[in-house]
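The same chain A turns up in both complexes below, where it pairs with chain B and then with chain C.
Now for the complex of A and B:
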């Protein structure tokens, strides 16, 4: 065998291995979970009897907390990155901020949960609420969102900025007329990745909410809540096989939810922004 | 030299970080004329241009010393409305800078930024500017097309139109034809010649033949022994071409250096 085909086989197997793992995982989950998946399960309240149980409170909790977290961190991340790229003039100050953002991305998620509970839940008195969970998750994904948004803004050529200034635009007008519309598509791409992270997090929510089983659906921002990953975590810890199957069904719902929310972001990406080309 | 000075620089120096790139520029630009700035690359010609509309303020590390007067007003003094100043002193760049919108919106862009919101007025000004830039006949039926679909030469005239739409008093052009083919170049030159008199034009160019074709005045910038750009010659174009006072100008215009 010549070297080129050896290289080809090696790189191809690097690609195939994770695909196989993913395929195996998915098929196991679908095999276990699909039979138990029904409207009664998705829209039902939890019950002590596994055959009658449902996941509605956790599903609502997940949508509520993740949705809020994404909105909060997107707005915050947009603000941070516009400030860093358009208003901070000193390159050193800027790189310190980038370093801090990178460091935040490396903090274990459970630490966010502990700090979130201490500062927001107890310190600000918001308790173990939807709002506490959402703000905590927002900070957890903030580095992802910020890095993507900063990259998006930096990819806008300076020539467009200068041309806009040369027409008499102020900084604010450059931001609203050029930076925002042009950075939005790529910033939303980064946000899609952040959604995946936020929707699957169990550890920080476990610290903040602590609720594994609840029959009440969160409505107000200050209500207690649980999320799908916690319900799944609760079920897989149990020895009975029936709970394994329930967990698989809940995982399918979680995956569908992820696909749903991501599709919204991807749709916004294609309908909102403008692509830039250079000569 | 004739004409009324509209821009006057006194002891203008431009720095980039710690490095001085332009020193001791004392010139007067005459109203309604075309002044061509020529000289080898990297001698601060673009920096000179950008200090006339304070665009250097936005270049990280760039610093301007000395005085620049526009119609008698020191544009670097405190309290100057730099945004308004830039609408009076417009600029066109080397590469066509096209915004990812339609042809129409590209020209309307500067008007919208400056608070013009009467669509009737905007439509009129867009047509006027496109006519001035000799682009109207080529795009009148497809104003809503993506501006990226235009050829490079058309894009540059679109940029010209965008600047003209806000009716500047002075037009600065930084090597506007260096990405264009000879035919498109000639079109841009014809546009500039037709604008002469209506506004004052300062054009940085690499092309001596272009300077010969359009310039009333010629300003030659050369690096000194420390590689700092200096104006070594300034006068009516004909005179500078035929009777340069400086030996380096003679060599440059005859193609021996540069």
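Now for the complex of A and C:
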């Protein structure tokens, strides 16, 4: 065989191997977890007896914390990216801010958890609550959201901006009438991807909430809570076979959420990409 | 004041107000970064007033959660290094291979399918990866390595490698993609074959970008928590045997978080000391990685 085909085969297998291994392992999870998956499991309360246990409080906790985090993060990210793209004129100042965003993106998620607990939980006295978790998660995904929003705004041609200014529009009007409507679809795509990332985060929530098992469903912002990845963590750490099966079932639910949200983002990227080209 | 002047006044006032909000939010983000560092430093002061920093940095026993306490962080650092190096070996090989395939060989159709799939792989919740390591990878490895422990550095590292592969792949692909076509074409014009163009021209020109990808991937492995907390064990030891259980910096943080260390104890403050150590290492790696990739992108634009 000549070297060219060898190279092609080697590199192709480097692409296929990780995908294949992961899909094999994931289908083993399906095999182990599907039999235990039922409506009682998803909508049931946790119980000391593994046969009767459910994941509802964790599911509610996940949706609650992630939903709140994404709203906070999106508003913050939108404000920051409007400032960076529309107000900052000095290229050096802008690159400093991009550097800060890059650095924030590199901070390990567990460190966010430690700082969130110290500043918001203990410092501001909000405790190990839903609100503490949500604000911490919001800062954790802020770089993702900001980068997506900045790129969305930057992809808007300058000619549109200039045309609007030349009609006598103020900066506020340019932003609200041109920039936001055009950038929103792509910015939202990045935000949806950030939701997918946030729903699976376990490390910072482990530090902040520390609750692996609870029967109470969080309602108030100051309630204690747990999330689905933590319940899975709790079950994975137990050696008995029955908890391995429970963990598999809960993982299927988590993966369905993750893949569902990600597919929405991929679909949105596809359709919003088309719209911008049509303009 | 005439009506038009009043209208104008109001518009200017609104503009001024509008300027303040985004500025405030941006300052908030900057403060967030600063506060991460400041908080970790300030909160580890109680720890370092009880523990000699020299012992912390160079000691070889870490027994903070026992009655007879030693505070040498090296075993945790060692655990982090071992799992991360296993991960980066796997991800380096698979990531660079798949990047070459995607950038130089694959058809548009394959790319359109493979890239979102890789992206999906990178975002799978890490507790799931940890579960895979403990429940499937370790038992499978036991067929070949009978002595392997239930919790061990190798399985955790392998699975972490799978997780980082997409990151390395996409960053290296970007680097190869930004190699100007003129270089490829010149090499072809000199009679080079495709594999020669790839290995001697594209890879070489993209090398700084690839190195940056490896460093950023390694930084990711350093900070990964759930996989090692689940699969690598909780025994901080300096061992050369990668099939034994160890403990990483992040694994220790997770263990303390699970144990619910009361506020004010040395166990609680050790969270911040270990977190600070981790943050400094990861940030240094990210700085180097970003520096290399930024210099590299400048060079390409000059070609």
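The definition used in the following text is that the second predicted complex is superposed on the first by the 247 of 279 C-alpha atoms of A that agree within 3 Å, B and C clash if a C-alpha of one lies under 4 Å from a C-alpha of the other, contacts with A are read in each partner's own complex, and residues count from 1 in each chain.
Quick note on the criterion: contacts are C-beta pairs under 8 Å (C-beta built on N, C-alpha and C of every residue); 3 or more make two chains touch, one makes a residue touch a chain.
This structure is a prediction, so every number in the text was calculated from the model and none was measured.
Annotation for chain A, partner touching more residues between chain B and chain C: C. In the superposed model, A:56 lies in contact with neither chain B nor chain C.
When the two complexes are overlaid on their common chain A, residue A:170 makes contact with chain B and with chain C alike. Of the two partner chains, chain B is the only one that A:89 touches; chain C does not reach it.
Once the two complexes are laid over each other on the shared chain, residue contacts for A:103 go to chain C alone; chain B is not touched. Applying the stated contact rule after C-alpha superposition, one finds that A:182 touches chain B and leaves chain C untouched. In the superposed pair of complexes, A:80 makes contact with chain C only, with no contact to chain B. Residue overlap on chain A between its contacts with chain B in one complex and with chain C in the other: 170. Residues 53, 55, 58, 60, 83-84, 86-87, 90-91, 93, 95-101, 109-110, 112-114, 148, 152, 155, 159, 162-163, 166, 179 of chain B are the ones touching chain A in the complex. In the complex of the two chains, the chain A residues touching chain B come out as 89, 91, 159-170, 173, 177-178, 182, 274-279. Considering their complex, residues 3-4, 6-8, 10-15, 17-19, 21-22, 25, 28-29, 32, 76, 79-80, 82-84, 86-87, 97, 99-104, 106-115, 118-119, 122, 139, 142, 146, 170-172, 175, 193, 196-197, 199-203, 206-207, 210, 212, 229, 232-233, 236-237, 244, 247-248, 251, 254-255, 258-259, 262, 266 of chain A touch chain C.
Residues of chain C that touch chain A in their complex: 11, 14-15, 18-19, 21-26, 28-30, 32-33, 35-36, 39-40, 43, 93-98, 100-102, 104-106, 114, 116-121, 123-128, 130-132, 134-137, 162, 165-166, 169, 193-195, 198-199, 216, 219, 222-226, 229-230, 250, 253-254, 257-258, 260, 263, 271-272, 275, 278-279, 282-283, 286-287, 290.
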